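The structure appears right after this line, and notes come after that.
By written order: A, B, C, D and E. Residues from 1 in each chain.
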């Protein structure tokens, strides 16, 4: 299957975009045809992604596979270079699969103003951006895909988002959430990526000093990085810092996170799901793909700082959750905490830490994605997200409540479910960070992170208690509630299965990543 | 005669033109001030031409182009002033403040 | 060259004879309270500059200046002034209150240029020497050749500038006819 | 060190089974994973089809436990006859090297079959089976029977995963699994807030403790290069002095984890509240099995404490003794029968922990073993009573001995056993603990423990008297429970009486040997102390303490068991409020920790988020917009006015300013133009 | 006379078209005047043909004529292509706009074509005189066109302000040029380049250079020489504004390119810092000011000021290095930016024209909810505005990318600081571009707007064509920059080697 080796990844990336265009060939009124087209497109993409995973040579997961490198912008030496290795493979599959589920879920969940074609097209465009980011092996290409997700998400939030008003302190204005959140998301990310781009360009220029020609090629730069070509001087410091800004905003790390609660809360359900499940991963993935292997010495110097922000994020996110009255906002803040664990793993600069971050990303994608699905469906039924008005959900909708409880358990890191491994391995990595990093400092991070797990459990249980348990409020007494519907089952079941499967058998993810991260740590830091 | 005296004369003329341009209310008089500035340019060009004294006489040719263009601009300018006048019955440019904010 | 050396040269007397009225006229152009006077002072200033051109052996340019400017442009100005019914008598408010800042700006421009011109003639050899070309008239043929050879393209382009100015100017300046009037005009 | 352990582990791994003189067991040991898996199968099956079954899924749960009981019994018998050791590990992921080991650390799942785990398998299966059967009767007519049995199965599975764990990772999985099941079952009646509060409290307290377990694991594993207990045991056996610091820290952290699950002071607070769950749950989880997981963990990692982390012992035993003594008093003031039993459980767990902490591996486990029977018995008996009177409170009971004879007599047997009356099981196990404490030099603690025996006997007498003697004070007519409930009582009464005989010091029962030999079948010798002969003097002190306790209790309560006075007799000043408020620990936790975090702290963070961090962002945005307005309004459109105005000297006053603003737009633009050009020239010609 | 008619063909065709339009205007009766538009559009299309034959016929070689006064090489070909295509799009946009009112059609196209001709002349000029005359040829007609809506006071004002500042800038430019000529003794760029190197320390020479730059700064609306732009843009007929912001601005950049790279490459110390300051000011003030605009045209005016700042950035980059490769890259970055900017900005103005016809307003708030009644227009609007904001995969990203690439290459602190300023500005710019998109997509339709929209009917064919061309360019060039149609790839090389 030579064609698959060479065209597989490109198909995964561009098939959704083609689907988005094709949608406009279907008359606006024929919504079913549009849905089917979107489903077939994303489904095919997911099948291809799974096929890539199936044909992936796990024995050589540290090598890029399905690699394609074509001329793209010769004037600057940017190439269309894509490939997957053990680090990107799980995320690529996650992205492709979650997109299908989002389409399935959308089948009978539409936000006003109803525009099936537009919404699906944005979703497909988003998929191209997400899938592309995970396979790009050229900095410019990476940048393009990294930014490509902005527009669809901006419109998704802005058009179909929550129209509730919210008073913004300091600004002294009451804003419409969807508008505020959309532009906030956009500006934050663009702000970060503007600096990220400067960092990329600086790398590009400096690479010429060693190669004789400038390059944007990530594998080539990684090879330079493993010889520590860029050193640890001011140059590397600034470049790392610039890229850090870009990635940290996307993750988002404390204190660059404030776009996230607003965006997640305001976005339509599917938007929140994709945002949480995939978009947040672009940043943390970029650390592993770009920052650390290319600038290892600087990564080592930044590590304590990254770790500090990560643990602040863990504690801060959890505490903020405890103060939330809106279930979606609570879930959103929980992402700050969970991504804190992901970043703590990265900050340890060890293979175990990197592994922790990767499985943490996948787990967070599955779990928080599912949580947002649930929050969306509940909002759909209750027409409110006020925790205070919910209660007794378990009684009104047993299955829904059950799944919510399951997901909450997974989210609080119950061992045996997917969420646990990332947290555990982050802490494990923090106990023995990269040689040369301050042991006492990272062990302090470890302890704080561990305390964070308690707080996580605290707000999740408290949320469950207030939402799921107890007697239903009187206002719902003459309401008709229908429990989980078929499309919801179809969209959620794979997530549930995956959460359990990865929880019991983490090799599903780690089998691909371990060799790659061991290799990454070894190349970057020696030994 | 030295070059400097002409250049300084040109500078003087140019500055006077600047003053006129900035201080005059009437559009026509503003245009007159611009003509002074262009005259300064011509003095410069001719003086430099005399200084370099080359056979090709680029400076003089340049000056002739400047004069021609200036004439065209006066035509254009007066047409615009005329049009404005038709609508406003005033030649004062400081009343043009529709787009103040 | 000292001032006394400079003033000893008769040609410089001629220079001053033209330059001083020129500056005075220029000042009057920008300060006169009467538009028509201002335009007429411009004529004076331009005439003086034409004189200077002759002094610098650029006769052709000087005559072009006289013909084009004094003969055409200033007339155009006067027409413009009359058509726009700018008051021909004494005017009190030709300048407005910005004249002090304007004067400051103008002085600034002059100071800077003056200083730099002095600098250049002192720093760089040759720039301070007497002008060589004086008394040697430029053959007009050279100019003509320049126009149809090296400067053919700008020469043609200027033609288009004038064409555009003419047509556009007329279009803008003319009184609009109603469609009915236009129809009539077309028939005639 | 790492390499030494690694090589030792490698030897073990090569065999992946028997070690030393232990046999690798037969078919049943080899396939012991089926035991671990069966309850999960039942769990899923009940969720899917439970509702449509006749017994609402109970039969599935009971069936699974029945098979497990058979399986465990076979192993039990095999191990009696001769020690078994079998360890099977399946790698579920390799996770990297941390830069310190040669090969990747691995997460593994599997099972270990050895003396300790076989004992636990059997206890879980035995008590579990009986409780399931009992529950089938007890829960009849409940709102969600299938879910109840599903949760019970989930618990049983998790517990077996826990006790079968050959490594810390799997142990953590099981550990939190039982915690989850506990949460679900405590909150079984989740319509009432107090039940869900109790469930959350249980989960959270355990979660706090789990931090210790997880950090302990994290400390030990990279040092050893493995998560396996066998590696840990071997490493402890090798005893590299350089690692003692890590070992002590890790040991203390693991102990902290055990404190949560085994309800040691001051993390015991969840257990009394956990009585909000249905009584069978209390019997199985919160008395017999789950709460012993901490003891089990200590036993499983015993070589660590015995060989390397001896420095940790004084701390551990102090906690344990505080638990056994101080918390026993709380049972004196409780009116809720189940709470009395719960505090008793806490206290008994203190005994076990004290034993294990000082090196009494067998003593602790033996008490765990016997306690499982009589405490389950007591809880089931209490359940039987509660079932009859529809109240948990002893003030609603009384005089039940005639109406409920089976319950009464089995309850008395259990109480006596718990009180430590010879020759019942509790006597022997408690005695061994006292002996161990004494032998290891913790004499003062030994006396405290003896005093504790007095307290135990005292509150159990009080409970029996207030429940079964006097006259009935509750509603309706209580009657004996159905057979399905009384049969398990009887079945549990038997071992409560005779189990002690299995571990009489120095006595070995022929081919079935002694309890010590059973649980001593481990990969490395335990090296623990267990008495070789009965120390009669010590036994006498213990027995006397118990008998005095019974006597005092009888004397205080029996004569007027019906009256309020009897119940109020213990309301002495100072002590009573202290006990009644449970030493104010709950207040401390709620008012001192939980509420500040949930309230002010969380709100403060939210405030910081909105008013500081986000405010900076929004402020930057608003500031940019403001700057835009400024630039546009003041600079771009008006600035030149101001500039010119300033240059004009401001001599004309306000009127002049106004006029300026209204005039000369174009010239202002031109002025800016000339001014800009001039500035450029000045800057780049004159200055540079 | 050594005239190369092949090389001159584009100019000749345009000149001929002007005469044809003039003739037609005289001959045709009023209802048939649209033929003048047709002739103009056709003429520009025909003018593009020799461009292609020049570029690909016998390879992009340098053709010099009239003693080196007029040169056709890769550089000028690329820019001429921009002018012709840009002009073509503007003419397409003008058709319905001019037709819809009592404007003078024939004269309009004549002036427009004259201006385009001027820009063609500029691109090939290699001496001060030709450059100056070319510039006047570009500007002169525009003074008039800005006032084309004779009845509108705003338009009058636009025209007069533009004119007065225009002649001021011409005067300053000429004053500078007179010194350039005077101090070097040469009017050709080559001569200035050779003599200029020795004059680096001469203050007067610096004055000459800076005054000349200021003259072009007016054309490219660099702050603080920009003040005319917002008023003029708002008042002028929208297609004229489009042309002002693209064609005339591009002409200004051609002047700057020629001046900086052809005439004054040896004295980067003079113009580099000055353009650094202008770039920084233009970006920052342009963006900040644009934030506060309620009128879409006015907003685009300030946006175009800011974009001008971005285009100036590579100049500062070139000045920061002596490396020929860096300078070449900077020059090509400017050209690339100008090309892409031309298309996206024209597209944006096309949307403005169409949107104004739909809603009868250019106030941003009146465009609320446009996607409900004009979805295609809303899509196009979002595309062009986000392209201007530089969001991938729309072409604008590559323009900004090339700009960043050039400014970071020298690697010194000043250049990097400017890069950071540019980066921050790129973010600020997003705010107001996104605001339009927000209004069009996310706000509810104001009362009554839909009825008006239905009344005006569909877009005219020519405007649709113009929008379509721009849109296709913006997407294709964004995804495959430099490969679009495979045409510019070779020329781009010439750009970088030709200077």
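Operating definition for what follows: a contact is a pair of C-beta atoms (placed from the backbone, for glycine too) under 8 Å apart; a residue touches a chain by one contact, two chains touch by 3 or more.
Keep in mind that this is a model prediction, so the values were computed, not measured.
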{"item": "For chain A and chain C, chains touching each", "value": "D, E"}
{"item": "Touch-network distance, chain A to chain B, counted in steps", "value": "2"}
{"item": "Maximum inter-chain contact count - chain pair", "value": "B-C"}
{"item": "Farthest chain relative to chain A (centres taken as mean CA coordinates)", "value": "C"}
{"item": "Chain nearest the overall Cα centroid", "value": "A"}
{"item": "Cα-centroid distance, chain D relative to chain E, in whole angstrom", "value": "74"}
{"item": "Distance from the mean Cα position of chain D to that of chain B, given in whole angstrom", "value": "93"}
{"item": "For chain C paired with chain E, centre-to-centre distance based on mean C-alpha positions, whole Å", "value": "31"}
{"item": "Chain centre separation (chain A, chain E; CA means) in Å", "value": "41"}
{"item": "Residues of chain D whose C-beta touches two or more other chains", "value": "621, 633, 663-668, 670-671, 674-675, 681, 685-686"}
{"item": "Chain A, residues touching no fewer than two other chains", "value": "187"}
{"item": "Residues within chain E bordering two or more other chains", "value": "129, 132-133, 136, 140, 144, 147, 150-151, 159-161, 164, 168, 172, 183, 203, 206-207, 230-231, 431"}
{"item": "Pairs of chains in contact (touch as defined earlier), listed by label", "value": "A-D, A-E, B-C, B-D, B-E, C-D, C-E, D-E"}
{"item": "Residue numbers on chain D that touch chain E, as the complex places them", "value": "621, 624-625, 627-629, 631-633, 635-636, 640, 665-666, 668-670, 672-677, 680-681, 683-686, 688"}
{"item": "List of chain C residues in touch with chain E within their complex", "value": "112-113, 115-117, 119-120, 123-124, 148-154, 156-158, 160-161, 163-165, 167-169, 171-172, 176, 179, 182-183, 186"}
{"item": "Residue numbers on chain E that touch chain D, as the complex places them", "value": "160-161, 164-165, 168-169, 172, 203, 206-207, 210-211, 213-214, 218, 223-225, 227-228, 230-231, 270, 273-274, 277, 285, 287-293, 428, 431"}
{"item": "Contact footprint of chain D on chain C as seen in their complex", "value": "96-98, 100-102, 104-105, 108-109, 112, 115-116"}
{"item": "Complex interface listing, chain B residues touching chain E", "value": "7, 10, 14, 17, 21, 27, 30-31, 34, 37-38, 40-41, 44-45, 47-48, 51-52, 54, 58-59, 61-62, 65-66, 69, 72-73, 76-77, 79-81, 83-84, 86-88, 93, 96, 98-99"}
